[in-house]
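Consider the two complexes below, in which subunit A is the common component and subunit B and subunit C are the respective partners.
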Partner chain A sequence: MERLDDEGQWIVLMGVVVATGMFILAIIINQAPMVGQSTSEAVLEFPKNEIQDIRYHLAPLAQLDNSSESNKTIDRAKKDMRALSMARNNAVMYFETNSTTNMADLFYRYNRLTIRYNNGVTEYYEEHLVSVRLP
Partner chain B sequence: MKGNWVKGMEDDGVSEAIGFILIFTIVVLGITIVTLYGYPLLQKSQIGSDERIMEQNMITLQNDLKILTFSNVPYRDTTMGISGGSIFVLDSAETAEDDHYFNVSFNNGTGPETKTFRLGALRFISSQGQAAISVENGAVVKRYQDAEGSTMVADPRWFYDDTYDTLVLFFTEIKADRAMSGDGVANIQMSMLDPPKVVADVPYGAHRTVTIEYSPDDTFDYSTAWKNYLTGPTIVDGGFTEIGNNMYQFTEVSRLVIKKYTVTIERV
Partner chain C sequence: MVMNDEGQLYTIEGITAGIIMLVTAYAVFSSGFVFTPGDAHIADMQLQQLGYDALLVMDTPLHAGDESRLQELIASSDVTPFTTEFNSYLSKGTGATYMINPLTFTVDTRTQWNATIYYRDMDDSDKIRSYSFGHSTLGDDFVTREPAISVTRYVYLDDKPINLNHISTEAYQKMDDPQEGQMVLFEVLLWRG
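This part shows the complex of A and B:
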């Protein structure tokens, strides 16, 4: 050993760098199975079509007047919608219509419709005015 | 050995043989330490990672059950790699024998009524570790067999609508016509051919009391998990009140809906 040959020290350095890199990669791979499931689930589970269906069926009901005949129809629909929502969508669904509001303009009278939908994951509340053409 | 490599330093005592022995000893010591301490540590982390993967697999199974039950799909199958243990299917009749069931007591409008729900389970038991992870009643619960407690990995979808004070309880019964178990790569086929049943739908009008009782299996006791779920804020802020051993009560229910699904495991 005439003199110390330090030409090859980079090999040792690379060894340290590669080892550290592999260690960090191993930690990242270890964490990998924990993500993914819940995020994709949340997007799939939003009941967009169910809510659209319900609104589609409720809009004509909300246009009815305040006669006893219409009230009967609405009460029946309430029961049916409630039972159907629970059977098909596992959701709690209520709606109210109010045709006694005195909101009106020149051509339209406005009935109030409130919808409440809850399937345990998504809670939806809507209140909107349905226009009825004045005679 | 050559002459003085640093001026003024004697190298008479330098021996190649002793140097080799020293280096060899260090190498052997290193190998020994790694085999004695490093290897068990590696194995332990392997068990831990197996358990974590299985936890994830059980959540996948729970999701499939959710699709089967809540989305009204009749058939569903999942293929999963099962590592570090086996998965078992327990028929609801078998779990009922072990006193493993739910009781729900409520007023049905005319008088008090108690309904019993048998559960059944899909259970993973670690072969090297102590973990037992179960899918029971739509929830994923985990416990260690040498320890007391248990924890809920994924909740069932029970909920309470506070606008109209409606409590909705879903019960999922797992049936299997024979004992089944799987390891390695398992294909789990399940079906829901019986339509879901609305067991109770009672509109009270006024606030009534609902009592839930969880009766745990002695060996696989997940009562802590259910207790934390029911008394915690997941279903309703403030949770159910614990009124006795594994008995929980909630008083502000204006409408109670109980739905029951029966899922059959066809094959593992």
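This part shows the complex of A and C:
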């Protein structure tokens, strides 16, 4: 009976290793374009700038006192922003300010600001205290 | 000393494998990538960020408590300075240049845009009305163009803009002038020209 020639095992093993390595490298190249694609899709979809914009404009409103003039300004902004975000940004947006809380320390009074935002994909809820320097 | 000429077949096999690997690598790296409509996301994402940043810069006051440049321009209905300044922000950067003629290269100013202001009707309903607030050189041409992306920014106005009737008679009639100020939405459509 002829003996099985089992020499050159290292050469066979190296062949397998190199082939596997090339296969993995090919998969990496194959995936590379998809990374840029899905990342930018995610960036486009997430309304980061809209939320930053809303916060930028609401912080000064939340700092207002509890006078009837301030309440008028806040109500007007509330109606305007709700209607505009619904019409142009496809988002439900609502905010609430509360300056009647008794939270204060030696230097600051704290008004509560609540923001709700939902565009069907991203839901955002924030509640924070806006500090107002006491006179 | 006799030359060892065993293992000739291994040598030939090695050379063959080397050639196959080189051809494979060449095939992979020389392949062209076709820019399909789906890939537009990448450029769109950059365009969107550029637009939001430009509006943020214009809506940031120089000193705390001041009016921002964007507020100023909307309040006085100054479309021409807005066009110039917004264009200059869009074309800022170290990005690609393009050739006007073989001797002149310029920063890419081909990004086109069209701006609109949205406001709530004075009848206090949720009706939204709008008026146009300038566009880039080719920005009013909506016949054929690349798909646009929209960037928006809320702008707080103390009063109804002056000289609004010079831009839009309808807006002048339908826009409220509330004592308490109002929010309008500034929307810019941006596309690659």
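Methods note: the second predicted complex is superposed on the first by the 92 of 135 C-alpha atoms of A that agree within 3 Å, B and C clash if a C-alpha of one lies under 4 Å from a C-alpha of the other, contacts with A are read in each partner's own complex, and residues count from 1 in each chain.
We adopt the following convention: a contact is a pair of C-beta atoms (placed from the backbone, for glycine too) under 8 Å apart; a residue touches a chain by one contact, two chains touch by 3 or more.
Everything numeric here is computed off the predicted structure, so don't read it as measured data.
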Identify the partner contact of A:T122: answer first if only subunit B is touched, second if only subunit C is, both if each is, neither if none is.
neither
Touched partner set for A:D53, first subunit B, second subunit C, both or neither:
second
On the A-aligned overlay, A:T114 touches which partner chain: subunit B = first, subunit C = second, or both, or neither?
neither
According to the stated criteria, A:Q63 is in contact with first (subunit B), second (subunit C), both, or neither; which is it?
neither
After the superposition on A, what does A:S131 contact: first (subunit B), second (subunit C), both or neither?
neither
Answer with first, second, both or neither: which of subunit B and subunit C does A:R88 touch in the superposed model?
both
See if subunit A has more residues touched by subunit B or by subunit C, and give me that chain.
C
Where subunit A meets both subunit C and subunit B, residue numbers
33, 37, 41, 83, 86-88
If we count contacts the way the header does, which residues on subunit A are in touch with subunit B in the complex?
1-2, 30, 33-34, 37, 41, 83, 86-88, 90, 92, 94, 116, 118-121, 123, 125
Would you pull the subunit B residues touching subunit A in the complex into a rising list?
2, 5, 49, 52-53, 56, 59-60, 63, 70, 72, 157-159, 161, 163-164, 166, 168, 170, 196, 198, 201, 255, 257, 259
Subunit A residues touching subunit C - in the complex, by the definition given at the top
11, 22, 26, 29, 33, 36-37, 40-41, 43-44, 49-50, 53-54, 57, 69, 72-73, 75-77, 79-89
Considering the complex alone, what residue numbers of subunit C touch subunit A?
10, 21, 24, 28, 33, 38-39, 41-42, 44-46, 48-49, 52, 56, 118-120, 124, 126-128, 149-154, 156, 178-185, 187
